[in-house]
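What follows is a set of structures for review.
There are two complexes below, and they share chain A, which is joined by chain B in the first and by chain C in the second.
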Partner chain A sequence: MILLNMIRTEQCFSHLITCTMKHVVKILSILVTISAIWVGLLQTSIVPRSHTWLLPIYFVVSLGCYGLLMVGVGLMQFPTCPQEALLLQQDIMEAKEFLKQKGVDVSSD
Partner chain B sequence: MELADRAVGFLLSFISLSIFTYYTFWVIILPFVDSDHFIHQYFLPQEYAILIPVFAGVTLLFFLCIFVGMVMFKSNKKKP
Partner chain C sequence: MEQRKEEKNKYSIIIPTYNERLNIALIVYLIFKHLRDVEFEIIVVDDGSPDGTQEVVKQLQQVYGEDHILLRPRPKKLGLGTAYIHGLKHASGNFVVIMDADLSHHPKYLPSFIKKQLETGASIVTGTRYVQGGGVHGWNLMRKLTSRGANVLAQTLLWPGVSDLTGSFRLYKKSVLEDIISSVVSKGYVFQMEMIVRASRKGYHIEEVPITFVDRVFGSSKLGGSEIVEYLKGLVYLLVTT
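Right after this comes the complex of A and B.
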(Lines of atoms letter the chains of each structure in order from A and count residues from 1; the text may use other names and numbers.)
(Lines give C-alpha, C1' and ligand atoms only; values in the text may rest on other atoms or scores of the structure.)
Protein backbone atom coordinates (compact mmCIF):
# COMPACT_ATOMS: atom_id res chain seq x y z
CA MET A 1 0.00 0.00 0.00
CA ILE A 2 2.77 2.41 0.98
CA LEU A 3 4.70 1.44 -2.15
CA LEU A 4 1.64 2.14 -4.29
CA ASN A 5 1.23 5.52 -2.67
CA MET A 6 4.88 6.28 -3.21
CA ILE A 7 4.62 5.35 -6.86
CA ARG A 8 1.56 7.55 -7.21
CA THR A 9 3.36 10.46 -5.58
CA GLU A 10 6.30 9.88 -7.87
CA GLN A 11 4.03 9.92 -10.91
CA CYS A 12 2.37 13.13 -9.73
CA PHE A 13 5.76 14.71 -9.14
CA SER A 14 7.14 13.71 -12.52
CA HIS A 15 3.95 14.96 -14.16
CA LEU A 16 4.42 18.29 -12.38
CA ILE A 17 8.04 18.45 -13.51
CA THR A 18 7.16 17.74 -17.13
CA CYS A 19 4.40 20.34 -16.95
CA THR A 20 6.78 23.01 -15.68
CA MET A 21 9.41 21.88 -18.18
CA LYS A 22 6.90 22.29 -21.00
CA HIS A 23 6.05 25.75 -19.71
CA VAL A 24 9.72 26.70 -19.46
CA VAL A 25 10.37 25.43 -22.99
CA LYS A 26 7.40 27.42 -24.28
CA ILE A 27 8.52 30.65 -22.63
CA LEU A 28 12.12 30.12 -23.73
CA SER A 29 11.13 29.47 -27.34
CA ILE A 30 8.97 32.62 -27.37
CA LEU A 31 11.87 34.64 -25.97
CA VAL A 32 14.30 33.18 -28.52
CA THR A 33 11.90 33.91 -31.39
CA ILE A 34 11.37 37.48 -30.29
CA SER A 35 15.09 38.11 -29.86
CA ALA A 36 15.82 36.51 -33.25
CA ILE A 37 13.29 38.81 -34.92
CA TRP A 38 14.78 41.75 -33.04
CA VAL A 39 18.35 40.94 -34.05
CA GLY A 40 17.17 40.48 -37.64
CA LEU A 41 15.53 43.90 -37.55
CA LEU A 42 18.72 45.39 -36.12
CA GLN A 43 20.91 43.78 -38.79
CA THR A 44 18.76 44.53 -41.81
CA SER A 45 17.76 47.99 -40.52
CA ILE A 46 14.43 48.11 -42.33
CA VAL A 47 13.22 50.34 -39.54
CA PRO A 48 15.57 53.08 -38.26
CA ARG A 49 17.93 51.92 -35.51
CA SER A 50 16.66 54.25 -32.81
CA HIS A 51 13.20 52.71 -33.15
CA THR A 52 14.46 49.13 -33.14
CA TRP A 53 16.24 49.80 -29.87
CA LEU A 54 12.90 50.72 -28.32
CA LEU A 55 11.33 47.29 -28.95
CA PRO A 56 12.68 45.39 -25.89
CA ILE A 57 11.53 48.17 -23.58
CA TYR A 58 8.19 48.07 -25.37
CA PHE A 59 7.94 44.33 -24.60
CA VAL A 60 8.81 44.91 -20.95
CA VAL A 61 6.21 47.65 -20.68
CA SER A 62 3.53 45.53 -22.35
CA LEU A 63 4.37 42.62 -20.02
CA GLY A 64 3.91 44.93 -17.05
CA CYS A 65 0.61 46.17 -18.48
CA TYR A 66 -0.54 42.57 -18.96
CA GLY A 67 0.31 41.75 -15.35
CA LEU A 68 -1.54 44.80 -14.08
CA LEU A 69 -4.54 43.97 -16.27
CA MET A 70 -4.65 40.39 -14.96
CA VAL A 71 -4.51 41.63 -11.36
CA GLY A 72 -7.30 44.12 -12.09
CA VAL A 73 -9.51 41.51 -13.77
CA GLY A 74 -8.86 39.08 -10.91
CA LEU A 75 -9.87 41.73 -8.40
CA MET A 76 -13.00 42.59 -10.37
CA GLN A 77 -14.16 38.98 -10.67
CA PHE A 78 -13.11 37.85 -7.23
CA PRO A 79 -15.49 35.02 -6.32
CA THR A 80 -17.30 35.58 -3.03
CA CYS A 81 -20.03 33.44 -1.51
CA PRO A 82 -21.97 35.47 1.11
CA GLN A 83 -24.47 32.69 1.86
CA GLU A 84 -21.71 30.22 2.63
CA ALA A 85 -19.99 32.81 4.81
CA LEU A 86 -23.20 33.21 6.82
CA LEU A 87 -23.52 29.43 7.19
CA LEU A 88 -19.89 29.22 8.30
CA GLN A 89 -20.45 31.90 10.94
CA GLN A 90 -23.47 29.95 12.21
CA ASP A 91 -21.37 26.79 12.37
CA ILE A 92 -18.68 28.60 14.32
CA MET A 93 -21.22 29.94 16.81
CA GLU A 94 -22.68 26.46 17.24
CA ALA A 95 -19.27 24.92 17.79
CA LYS A 96 -18.37 27.59 20.33
CA GLU A 97 -21.60 26.95 22.26
CA PHE A 98 -20.93 23.22 22.21
CA LEU A 99 -17.36 23.59 23.41
CA LYS A 100 -18.39 26.03 26.13
CA GLN A 101 -20.88 23.47 27.43
CA LYS A 102 -18.10 20.92 27.60
CA GLY A 103 -15.91 23.33 29.52
CA VAL A 104 -13.35 24.19 26.84
CA ASP A 105 -12.15 27.78 26.73
CA VAL A 106 -12.43 29.05 23.14
CA SER A 107 -12.49 32.81 23.70
CA SER A 108 -10.67 34.51 20.87
CA ASP A 109 -8.20 37.16 22.11
CA MET B 1 -15.73 46.35 0.93
CA GLU B 2 -16.50 44.23 -2.08
CA LEU B 3 -17.50 47.28 -4.10
CA ALA B 4 -14.23 49.01 -3.21
CA ASP B 5 -12.25 45.97 -4.36
CA ARG B 6 -14.18 45.92 -7.60
CA ALA B 7 -13.54 49.63 -8.13
CA VAL B 8 -9.81 49.16 -7.48
CA GLY B 9 -9.75 46.26 -9.97
CA PHE B 10 -11.53 48.33 -12.59
CA LEU B 11 -9.13 51.23 -12.00
CA LEU B 12 -6.10 48.93 -12.34
CA SER B 13 -7.33 47.41 -15.61
CA PHE B 14 -8.25 50.84 -16.97
CA ILE B 15 -4.82 52.27 -16.09
CA SER B 16 -2.99 49.32 -17.62
CA LEU B 17 -5.05 49.42 -20.83
CA SER B 18 -4.59 53.17 -21.24
CA ILE B 19 -0.83 52.94 -20.63
CA PHE B 20 -0.58 50.10 -23.15
CA THR B 21 -2.56 52.01 -25.80
CA TYR B 22 -0.60 55.22 -25.30
CA TYR B 23 2.77 53.46 -25.35
CA THR B 24 1.87 51.43 -28.43
CA PHE B 25 0.91 54.60 -30.26
CA TRP B 26 4.07 56.31 -29.08
CA VAL B 27 6.56 53.58 -29.96
CA ILE B 28 5.02 51.57 -32.80
CA ILE B 29 2.82 53.90 -34.81
CA LEU B 30 4.39 57.34 -34.37
CA PRO B 31 7.63 56.60 -36.31
CA PHE B 32 5.53 56.03 -39.42
CA VAL B 33 3.72 59.37 -39.15
CA ASP B 34 5.20 62.50 -40.74
CA SER B 35 7.14 64.57 -38.25
CA ASP B 36 5.16 67.73 -38.98
CA HIS B 37 1.81 66.07 -38.36
CA PHE B 38 -0.33 67.69 -35.67
CA ILE B 39 -0.47 64.43 -33.66
CA HIS B 40 3.17 64.87 -32.66
CA GLN B 41 2.35 67.68 -30.28
CA TYR B 42 0.50 65.23 -27.98
CA PHE B 43 3.58 63.06 -27.46
CA LEU B 44 6.90 63.74 -25.78
CA PRO B 45 10.11 63.28 -27.79
CA GLN B 46 11.28 59.75 -28.53
CA GLU B 47 14.03 59.74 -25.83
CA TYR B 48 11.45 59.90 -23.06
CA ALA B 49 9.99 56.58 -24.27
CA ILE B 50 13.12 54.95 -22.86
CA LEU B 51 13.79 57.28 -19.94
CA ILE B 52 10.37 57.12 -18.29
CA PRO B 53 10.03 53.27 -18.14
CA VAL B 54 13.62 52.88 -16.94
CA PHE B 55 13.10 55.55 -14.27
CA ALA B 56 9.80 53.95 -13.21
CA GLY B 57 11.40 50.51 -13.02
CA VAL B 58 14.33 51.76 -10.96
CA THR B 59 11.97 53.59 -8.59
CA LEU B 60 9.82 50.46 -8.22
CA LEU B 61 12.87 48.33 -7.47
CA PHE B 62 14.09 50.91 -4.95
CA PHE B 63 10.80 50.93 -3.03
CA LEU B 64 10.59 47.12 -3.22
CA CYS B 65 14.07 46.83 -1.71
CA ILE B 66 13.17 49.28 1.06
CA PHE B 67 9.97 47.34 1.80
CA VAL B 68 11.76 43.97 1.93
CA GLY B 69 14.48 45.46 4.10
CA MET B 70 11.95 46.91 6.52
CA VAL B 71 10.10 43.59 6.79
CA MET B 72 13.34 41.70 7.42
CA PHE B 73 14.43 44.27 9.99
CA LYS B 74 11.12 44.03 11.85
CA SER B 75 11.14 40.21 11.90
CA ASN B 76 14.74 40.21 13.14
CA LYS B 77 13.86 42.64 15.91
CA LYS B 78 10.93 40.54 17.06
CA LYS B 79 12.88 37.28 17.43
CA PRO B 80 15.16 38.08 20.39
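Right after this comes the complex of A and C.
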Protein backbone atom coordinates (compact mmCIF):
# COMPACT_ATOMS: atom_id res chain seq x y z
CA MET A 1 0.00 0.00 0.00
CA ILE A 2 2.73 2.44 1.04
CA LEU A 3 4.82 1.30 -1.88
CA LEU A 4 1.92 1.90 -4.21
CA ASN A 5 1.51 5.37 -2.83
CA MET A 6 5.20 6.06 -3.30
CA ILE A 7 5.04 4.94 -6.89
CA ARG A 8 2.04 7.19 -7.38
CA THR A 9 3.80 10.14 -5.80
CA GLU A 10 6.76 9.57 -8.08
CA GLN A 11 4.48 9.52 -11.05
CA CYS A 12 3.04 12.77 -9.80
CA PHE A 13 6.41 14.41 -9.80
CA SER A 14 7.26 13.17 -13.25
CA HIS A 15 4.05 14.47 -14.77
CA LEU A 16 3.53 17.31 -12.38
CA ILE A 17 1.33 19.15 -14.82
CA THR A 18 -1.01 16.42 -15.93
CA CYS A 19 -1.27 14.35 -12.79
CA THR A 20 -3.38 15.56 -9.92
CA MET A 21 -1.54 15.30 -6.64
CA LYS A 22 -3.24 13.78 -3.66
CA HIS A 23 -4.34 16.55 -1.43
CA VAL A 24 -2.16 15.52 1.46
CA VAL A 25 0.85 15.85 -0.83
CA LYS A 26 -0.09 19.43 -1.60
CA ILE A 27 -0.34 20.28 2.08
CA LEU A 28 2.94 18.52 2.85
CA SER A 29 4.68 20.42 0.05
CA ILE A 30 3.51 23.67 1.56
CA LEU A 31 4.85 22.62 4.97
CA VAL A 32 8.14 21.53 3.44
CA THR A 33 8.46 24.87 1.65
CA ILE A 34 7.83 26.76 4.85
CA SER A 35 10.38 24.65 6.71
CA ALA A 36 12.93 25.22 3.96
CA ILE A 37 12.48 28.97 4.24
CA TRP A 38 12.88 28.67 7.99
CA VAL A 39 16.09 26.68 7.72
CA GLY A 40 17.32 29.21 5.21
CA LEU A 41 16.64 32.01 7.65
CA LEU A 42 18.43 30.12 10.40
CA GLN A 43 21.54 29.67 8.31
CA THR A 44 21.79 33.12 6.78
CA SER A 45 20.82 34.74 10.10
CA ILE A 46 19.35 37.85 8.48
CA VAL A 47 17.07 37.96 11.48
CA PRO A 48 18.66 37.36 14.89
CA ARG A 49 18.85 33.63 15.57
CA SER A 50 16.93 33.77 18.82
CA HIS A 51 13.98 35.17 16.88
CA THR A 52 14.17 32.61 14.13
CA TRP A 53 14.07 29.77 16.64
CA LEU A 54 10.74 31.04 17.90
CA LEU A 55 9.14 31.34 14.45
CA PRO A 56 7.64 27.79 14.35
CA ILE A 57 5.94 28.48 17.68
CA TYR A 58 4.51 31.74 16.32
CA PHE A 59 3.34 29.80 13.27
CA VAL A 60 1.52 27.11 15.27
CA VAL A 61 0.00 29.63 17.67
CA SER A 62 -1.27 31.87 14.89
CA LEU A 63 -2.73 28.84 13.08
CA GLY A 64 -4.59 27.93 16.25
CA CYS A 65 -5.79 31.48 16.72
CA TYR A 66 -7.00 31.57 13.15
CA GLY A 67 -9.02 28.39 13.73
CA LEU A 68 -10.55 29.60 16.97
CA LEU A 69 -11.33 32.98 15.46
CA MET A 70 -13.04 31.42 12.44
CA VAL A 71 -15.14 29.14 14.64
CA GLY A 72 -15.99 32.03 16.95
CA VAL A 73 -16.99 34.38 14.16
CA GLY A 74 -18.92 31.56 12.51
CA LEU A 75 -20.80 30.88 15.73
CA MET A 76 -21.62 34.53 16.30
CA GLN A 77 -22.87 35.00 12.76
CA PHE A 78 -24.55 31.61 12.59
CA PRO A 79 -27.44 32.16 10.19
CA THR A 80 -30.75 31.21 11.76
CA CYS A 81 -34.24 31.25 10.31
CA PRO A 82 -36.97 31.08 12.96
CA GLN A 83 -39.57 32.39 10.51
CA GLU A 84 -38.91 29.36 8.29
CA ALA A 85 -40.09 27.05 11.06
CA LEU A 86 -43.40 28.93 11.17
CA LEU A 87 -43.79 28.80 7.41
CA LEU A 88 -43.11 25.08 7.50
CA GLN A 89 -45.86 24.61 10.08
CA GLN A 90 -48.29 26.34 7.72
CA ASP A 91 -47.15 24.15 4.83
CA ILE A 92 -47.66 21.07 6.96
CA MET A 93 -51.22 22.07 7.88
CA GLU A 94 -52.03 22.79 4.26
CA ALA A 95 -50.56 19.49 3.07
CA LYS A 96 -52.34 17.47 5.74
CA GLU A 97 -55.68 19.06 4.85
CA PHE A 98 -55.30 18.28 1.16
CA LEU A 99 -53.99 14.75 1.65
CA LYS A 100 -56.71 13.83 4.12
CA GLN A 101 -59.32 14.83 1.55
CA LYS A 102 -57.64 12.60 -1.01
CA GLY A 103 -57.69 9.64 1.34
CA VAL A 104 -53.99 9.51 2.19
CA ASP A 105 -53.26 8.43 5.73
CA VAL A 106 -51.64 11.39 7.49
CA SER A 107 -52.39 10.50 11.08
CA SER A 108 -49.42 11.06 13.31
CA ASP A 109 -49.37 8.67 16.20
CA MET B 1 -34.63 19.99 -43.44
CA GLU B 2 -35.17 18.45 -40.08
CA GLN B 3 -35.23 20.77 -37.14
CA ARG B 4 -33.94 19.14 -33.98
CA LYS B 5 -36.31 19.85 -31.15
CA GLU B 6 -34.54 20.78 -28.00
CA GLU B 7 -34.76 17.85 -25.63
CA LYS B 8 -36.83 18.54 -22.59
CA ASN B 9 -35.16 18.18 -19.23
CA LYS B 10 -36.52 15.64 -16.80
CA TYR B 11 -35.72 15.66 -13.11
CA SER B 12 -35.64 12.46 -11.07
CA ILE B 13 -36.00 13.22 -7.38
CA ILE B 14 -34.56 10.43 -5.26
CA ILE B 15 -35.86 10.33 -1.68
CA PRO B 16 -34.51 7.66 0.65
CA THR B 17 -36.87 6.85 3.50
CA TYR B 18 -36.79 4.89 6.69
CA ASN B 19 -39.83 5.34 8.94
CA GLU B 20 -41.07 8.50 7.28
CA ARG B 21 -44.78 7.72 6.75
CA LEU B 22 -45.98 11.21 7.56
CA ASN B 23 -43.03 13.13 6.15
CA ILE B 24 -43.12 11.37 2.78
CA ALA B 25 -46.75 12.36 2.25
CA LEU B 26 -46.10 15.96 3.19
CA ILE B 27 -43.01 16.26 1.03
CA VAL B 28 -44.72 14.78 -2.01
CA TYR B 29 -47.51 17.31 -1.68
CA LEU B 30 -45.00 20.13 -1.40
CA ILE B 31 -42.99 18.93 -4.39
CA PHE B 32 -46.10 18.93 -6.56
CA LYS B 33 -47.01 22.34 -5.24
CA HIS B 34 -43.67 23.92 -6.06
CA LEU B 35 -42.64 22.14 -9.25
CA ARG B 36 -45.18 23.40 -11.74
CA ASP B 37 -43.92 23.42 -15.29
CA VAL B 38 -41.13 20.90 -15.27
CA GLU B 39 -41.16 17.23 -16.03
CA PHE B 40 -40.21 15.17 -13.00
CA GLU B 41 -40.55 11.88 -11.17
CA ILE B 42 -40.18 11.06 -7.49
CA ILE B 43 -38.30 7.88 -6.67
CA VAL B 44 -38.87 6.70 -3.11
CA VAL B 45 -36.27 4.20 -1.91
CA ASP B 46 -37.75 2.71 1.23
CA ASP B 47 -35.75 0.22 3.27
CA GLY B 48 -38.59 -1.91 4.58
CA SER B 49 -39.77 0.68 7.11
CA PRO B 50 -41.84 -1.02 9.80
CA ASP B 51 -44.06 2.05 10.22
CA GLY B 52 -45.91 1.55 6.92
CA THR B 53 -44.15 4.17 4.81
CA GLN B 54 -44.69 2.02 1.73
CA GLU B 55 -48.48 1.88 2.23
CA VAL B 56 -48.56 5.66 2.32
CA VAL B 57 -46.47 5.84 -0.86
CA LYS B 58 -48.96 3.53 -2.58
CA GLN B 59 -51.80 5.81 -1.51
CA LEU B 60 -49.86 8.74 -2.91
CA GLN B 61 -49.47 6.87 -6.20
CA GLN B 62 -53.28 6.68 -6.38
CA VAL B 63 -53.51 10.44 -5.98
CA TYR B 64 -50.61 11.59 -8.16
CA GLY B 65 -50.13 8.72 -10.59
CA GLU B 66 -47.64 5.87 -10.73
CA ASP B 67 -45.63 7.54 -13.44
CA HIS B 68 -44.89 10.45 -11.11
CA ILE B 69 -44.21 8.50 -7.95
CA LEU B 70 -42.05 5.42 -8.19
CA LEU B 71 -41.70 3.14 -5.20
CA ARG B 72 -38.44 1.23 -5.39
CA PRO B 73 -38.18 -0.49 -2.01
CA ARG B 74 -35.47 -2.69 -0.61
CA PRO B 75 -36.09 -5.52 1.84
CA LYS B 76 -34.14 -4.14 4.77
CA LYS B 77 -32.20 -1.16 6.08
CA LEU B 78 -29.08 -1.13 3.95
CA GLY B 79 -27.84 2.43 4.44
CA LEU B 80 -28.11 5.75 2.66
CA GLY B 81 -25.27 5.52 0.16
CA THR B 82 -26.55 2.36 -1.46
CA ALA B 83 -30.08 3.76 -1.35
CA TYR B 84 -29.00 6.53 -3.72
CA ILE B 85 -27.31 4.03 -6.03
CA HIS B 86 -30.45 1.92 -6.01
CA GLY B 87 -32.68 4.89 -6.80
CA LEU B 88 -30.31 6.08 -9.50
CA LYS B 89 -30.69 2.79 -11.37
CA HIS B 90 -34.38 3.53 -11.79
CA ALA B 91 -34.04 7.20 -12.69
CA SER B 92 -35.23 8.13 -16.17
CA GLY B 93 -34.45 11.84 -16.02
CA ASN B 94 -31.30 13.54 -17.29
CA PHE B 95 -31.02 15.33 -13.95
CA VAL B 96 -31.19 13.83 -10.47
CA VAL B 97 -32.14 15.62 -7.28
CA ILE B 98 -31.22 14.07 -3.94
CA MET B 99 -33.07 15.21 -0.86
CA ASP B 100 -34.08 13.96 2.59
CA ALA B 101 -37.66 13.03 3.36
CA ASP B 102 -37.76 14.70 6.75
CA LEU B 103 -38.73 18.21 5.50
CA SER B 104 -35.37 19.66 6.49
CA HIS B 105 -34.99 20.07 2.75
CA HIS B 106 -37.96 22.14 1.67
CA PRO B 107 -39.22 21.53 -1.88
CA LYS B 108 -39.78 25.25 -2.34
CA TYR B 109 -36.10 25.55 -3.18
CA LEU B 110 -36.30 23.10 -6.08
CA PRO B 111 -37.06 25.84 -8.64
CA SER B 112 -33.96 27.79 -7.59
CA PHE B 113 -31.77 24.69 -8.02
CA ILE B 114 -33.20 24.17 -11.51
CA LYS B 115 -32.90 27.82 -12.43
CA LYS B 116 -29.31 28.00 -11.25
CA GLN B 117 -28.43 24.92 -13.29
CA LEU B 118 -30.06 26.31 -16.42
CA GLU B 119 -28.34 29.67 -16.02
CA THR B 120 -24.86 28.33 -15.38
CA GLY B 121 -24.87 24.91 -17.02
CA ALA B 122 -23.38 23.53 -13.81
CA SER B 123 -22.91 19.78 -13.33
CA ILE B 124 -23.89 20.03 -9.69
CA VAL B 125 -25.96 22.57 -7.80
CA THR B 126 -25.63 22.16 -4.06
CA GLY B 127 -27.75 23.74 -1.34
CA THR B 128 -25.81 25.73 1.22
CA ARG B 129 -26.93 26.90 4.64
CA TYR B 130 -23.97 29.15 5.25
CA VAL B 131 -24.46 32.05 2.85
CA GLN B 132 -26.74 35.06 2.67
CA GLY B 133 -30.32 33.83 2.43
CA GLY B 134 -29.54 30.46 3.97
CA GLY B 135 -29.86 29.36 7.56
CA VAL B 136 -30.60 26.70 10.12
CA HIS B 137 -33.38 26.42 12.66
CA GLY B 138 -33.62 24.15 15.68
CA TRP B 139 -30.00 23.51 16.55
CA ASN B 140 -28.63 23.97 20.05
CA LEU B 141 -25.30 25.63 20.78
CA MET B 142 -23.41 22.33 20.82
CA ARG B 143 -24.76 21.36 17.42
CA LYS B 144 -23.80 24.76 16.01
CA LEU B 145 -20.33 24.57 17.52
CA THR B 146 -19.58 21.15 16.05
CA SER B 147 -20.93 22.22 12.70
CA ARG B 148 -18.77 25.34 12.60
CA GLY B 149 -15.69 23.53 13.86
CA ALA B 150 -16.12 20.76 11.32
CA ASN B 151 -16.57 23.28 8.56
CA VAL B 152 -13.48 25.36 9.45
CA LEU B 153 -11.39 22.21 9.67
CA ALA B 154 -12.58 20.91 6.33
CA GLN B 155 -12.21 24.28 4.61
CA THR B 156 -8.65 24.70 5.91
CA LEU B 157 -7.50 21.19 5.06
CA LEU B 158 -9.46 20.23 1.95
CA TRP B 159 -10.09 23.49 0.05
CA PRO B 160 -13.25 22.02 -1.41
CA GLY B 161 -14.54 25.14 -3.13
CA VAL B 162 -18.02 24.89 -1.62
CA SER B 163 -19.24 26.43 1.61
CA ASP B 164 -21.49 23.62 2.88
CA LEU B 165 -19.88 20.20 2.66
CA THR B 166 -22.25 18.05 4.64
CA GLY B 167 -25.53 19.29 3.24
CA SER B 168 -27.21 16.71 1.06
CA PHE B 169 -29.81 18.73 -0.87
CA ARG B 170 -28.29 18.64 -4.34
CA LEU B 171 -29.05 18.58 -8.04
CA TYR B 172 -26.78 16.54 -10.30
CA LYS B 173 -26.50 15.87 -13.97
CA LYS B 174 -27.33 12.19 -14.00
CA SER B 175 -24.12 11.18 -15.78
CA VAL B 176 -22.05 13.12 -13.24
CA LEU B 177 -23.75 11.48 -10.30
CA GLU B 178 -23.21 8.07 -11.84
CA ASP B 179 -19.57 8.90 -12.38
CA ILE B 180 -18.78 10.00 -8.83
CA ILE B 181 -21.08 7.79 -6.78
CA SER B 182 -19.25 4.66 -7.85
CA SER B 183 -15.98 5.89 -6.36
CA VAL B 184 -17.46 6.95 -3.03
CA VAL B 185 -17.02 4.58 -0.11
CA SER B 186 -17.84 6.60 3.01
CA LYS B 187 -21.04 6.38 4.99
CA GLY B 188 -23.12 8.81 7.00
CA TYR B 189 -22.20 12.47 6.94
CA VAL B 190 -18.85 11.80 5.34
CA PHE B 191 -20.67 10.33 2.36
CA GLN B 192 -22.02 13.75 1.34
CA MET B 193 -18.64 15.35 1.95
CA GLU B 194 -16.83 12.73 -0.11
CA MET B 195 -19.27 13.16 -2.99
CA ILE B 196 -18.73 16.88 -3.27
CA VAL B 197 -14.95 16.76 -2.69
CA ARG B 198 -14.51 14.08 -5.35
CA ALA B 199 -16.66 16.05 -7.76
CA SER B 200 -14.62 19.15 -7.06
CA ARG B 201 -11.32 17.30 -7.62
CA LYS B 202 -12.61 15.88 -10.88
CA GLY B 203 -13.13 19.42 -12.02
CA TYR B 204 -16.89 19.38 -12.32
CA HIS B 205 -18.61 22.75 -12.36
CA ILE B 206 -20.34 23.18 -8.98
CA GLU B 207 -22.72 26.01 -8.11
CA GLU B 208 -24.42 26.84 -4.82
CA VAL B 209 -27.87 28.11 -3.91
CA PRO B 210 -28.92 29.22 -0.42
CA ILE B 211 -31.31 26.96 1.45
CA THR B 212 -32.78 27.05 4.92
CA PHE B 213 -32.72 23.96 7.07
CA VAL B 214 -35.39 23.40 9.69
CA ASP B 215 -34.60 20.46 11.94
CA ARG B 216 -37.04 17.58 11.51
CA VAL B 217 -40.46 17.99 13.09
CA PHE B 218 -41.75 14.43 12.79
CA GLY B 219 -39.94 11.14 13.23
CA SER B 220 -36.40 10.69 14.44
CA SER B 221 -32.91 11.04 13.00
CA LYS B 222 -31.23 7.85 11.85
CA LEU B 223 -27.69 9.07 11.80
CA GLY B 224 -25.97 9.19 15.12
CA GLY B 225 -23.37 7.48 17.23
CA SER B 226 -19.85 8.76 17.31
CA GLU B 227 -20.31 11.33 14.58
CA ILE B 228 -17.29 13.42 15.47
CA VAL B 229 -14.88 10.50 15.36
CA GLU B 230 -16.38 9.31 12.08
CA TYR B 231 -16.05 12.80 10.70
CA LEU B 232 -12.37 13.08 11.62
CA LYS B 233 -11.65 9.68 10.12
CA GLY B 234 -13.44 10.78 6.98
CA LEU B 235 -11.38 13.94 6.80
CA VAL B 236 -8.10 12.02 6.96
CA TYR B 237 -9.42 9.54 4.43
CA LEU B 238 -10.26 12.35 2.01
CA LEU B 239 -6.87 13.98 2.57
CA VAL B 240 -4.99 10.90 1.45
CA THR B 241 -7.30 9.66 -1.29
CA THR B 242 -8.38 12.77 -3.15
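We adopt the following convention: the second predicted complex is superposed on the first by the 64 of 109 C-alpha atoms of A that agree within 3 Å, B and C clash if a C-alpha of one lies under 4 Å from a C-alpha of the other, contacts with A are read in each partner's own complex, and residues count from 1 in each chain.
The definition used in the following text is that a contact is a pair of C-beta atoms (placed from the backbone, for glycine too) under 8 Å apart; a residue touches a chain by one contact, two chains touch by 3 or more.
In this text, all values refer to a predicted model and were calculated from it rather than measured experimentally.
Peer 1: With the two structures laid over each other on chain A, which partner does A:Gln43 touch: chain B (first), chain C (second), both, or neither?
Peer 2: It touches nothing on chain B or chain C.
Peer 1: Mind working out whether A:Leu75 is in touch with chain B, chain C, both or neither, as first, second, both or neither?
Peer 2: Both partners, chain B and chain C.
Peer 1: Thinking of the overlay built on chain A, is A:His51 touched by chain B (first), by chain C (second), by both, or by neither?
Peer 2: A:His51 sits against chain B, while chain C stays out of touch.
Peer 1: I'd like to know which partner A:Leu99 touches here: chain B for first, chain C for second, both or neither.
Peer 2: A:Leu99: touches chain C, not chain B.
Peer 1: In the superposed arrangement, which partner chain does A:Asp91 touch: chain B (first), chain C (second), both, or neither?
Peer 2: Second partner only.
Peer 1: For chain A, which residues lie in the overlap of the chain B contacts and the chain C contacts?
Peer 2: 71, 74-75, 78, 80
Peer 1: Would you tell me which residues of chain A are touching chain B in their complex?
Peer 2: Chain A residues touching chain B: 47-48, 50-51, 53-55, 57-58, 60-62, 64-66, 68-69, 71-78, 80.
Peer 1: Residue numbers of chain C touching chain A in their complex, please.
Peer 2: So the residues of chain C in touch with chain A come to 21-22, 25-26, 29-30, 52, 55-56, 59-60, 62-63, 103, 106, 129-130, 134-138, 144-145, 148-149, 151-153, 156-159, 201, 212, 214, 217-218, 238-242.
Peer 1: Quick check on the complex: what are the chain B residues that touch chain A?
Peer 2: For chain B paired with chain A, touching residues are 2, 5-6, 8-17, 19-20, 23-24, 27-28, 31, 46, 49-50, 53-54, 57.
Peer 1: Which residues of chain A touch chain C in their complex?
Peer 2: Its residues touching chain C are 20, 22-24, 27, 67, 70-71, 74-75, 78-82, 84-85, 88-89, 91-92, 94-96, 98-99, 102-106, 108.
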